[in-house]
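Chain nomenclature is as follows: A, B, C and D, assigned in order of appearance, with residue numbering initiated at 1 for each chain independently.
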């Protein structure tokens, strides 16, 4: 699967995204976020960013949304366009 | 005083306006309307136009508004601009 | 000048750009363009071939200025532009333009719609439509009076 | 094409005119232009020298198309145009443009404001401001979430 990071989260992580296999036992966007944050250090930004948002396959969803291998998952702070 | 007529009322009266002295006993826009309508014939349009509006000195007012000699009074149907 | 009543057409893009030129606080411009429709005479009726806008010179400009002043009193606005054409216009031609600049979009949208709602019921313009069956004066719409009521309830 | 995400600027007047060209039913176009403000960093703070718009390519276009589809489902619209710029922009430059054509003004105004309110909270764009003190990511505004709530209550 592909995981993407945007804006202040991208800066905090020092990465715009990564290719990875769906980790064992991870079935939701929330579980994926927690799995990544468990790397510690800069990755704690995933649980410390206020009002973190996520998308699966380019649709904004909640942290209870299902994720499957092959999905494109994105994490980002609240949007500020317009 | 000057009295002006616009749009469908102007067409019905066949006149865009007239100079006249303030008639005796006429102190309001409503009384002036009734005075003019009393000429009969086409002038009945002044009491027969649905939702007739009036203005004194280029401000829209009600039919209880005061009129004095020297005023510019206008009668017209509801506006339809925009 | 914030209000113009004129026969001539106008440049929408230039008017919108001019409203915020050099203003560091301007973050939002809401605008409206009203056009001559050619389908206005009821089902099966004749198409509108042209429209003539009559107005009350002198009062028109004053009524529009009053409306703009009311809008500026209700919202925090940086610029307002109102243009209303008069005379004979063809289907598709612009009739009216209102643009409002503000720091934030809600003030700009609200003030722009307020100005249009007031203009529709308070500014002395009258439309006469030309059809193959002859000219007809456009009737005032009940919905325009209702739209005005909304702003009055909010006062 | 009703939605564009691009670095380039655009011609507001031409876009508004194109939206109703040849449409006899189009009587109203409501539109909105959002601009880069240069006064955005709090009282006494540094002025904004430039702004960089980051986005999520692919999702951005889809989110905007979804918003337009929702608007078309709620109101009777004849045309919709959304343009959002990305990349580095200077104060006073246009960021976003939304225009909606309809038979009547209330549908056009409502849909235009609805699209802006949804875009502000649902489309994946992020603003980074350059100031003499360095770059800063713009915070989301509570008022934008509140604006969205208004439309949801009306559903």
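As a working rule, a residue touches a chain if its C-beta (ideal position, glycine included) is under 8 Å from a C-beta of that chain, and two chains touch if they have at least 3 such contacts.
Just so you know, these numbers come straight off a predicted model, no measurement behind them.
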Via touching chains, chain A connects to chain D in a minimum step count of 1
Farthest CA centroid from chain D: chain B
Per the C-alpha means, the centres of chain A and chain B lie apart by a whole-Å value of 71
Chain B and chain C have mean C-alpha positions lying a whole-number Å distance apart equal to 26
Between chain A and chain C, the Cα-mean centres are separated in Å by 48
Residues of chain A that touch at least two other chains are 82
Within chain D, the set of residues that touch 2 or more other chains is 34, 105, 116
Those chain pairs meeting the touch criterion are A-D, B-C, C-D
The chain C residues in contact with chain B across the complex are 34, 53-56, 58-59, 62-63, 84, 95-96, 116, 119-128, 137-141
Seen from chain B, its contact residues with chain C in the complex are 4, 6-8, 11, 51, 55, 58-60, 74, 76-82
Counting only contacts in the complex, chain D reaches chain C at residues 11-14, 16-17, 20-39, 47, 91-92, 103, 105-106, 108-109, 112-113, 116, 143, 147
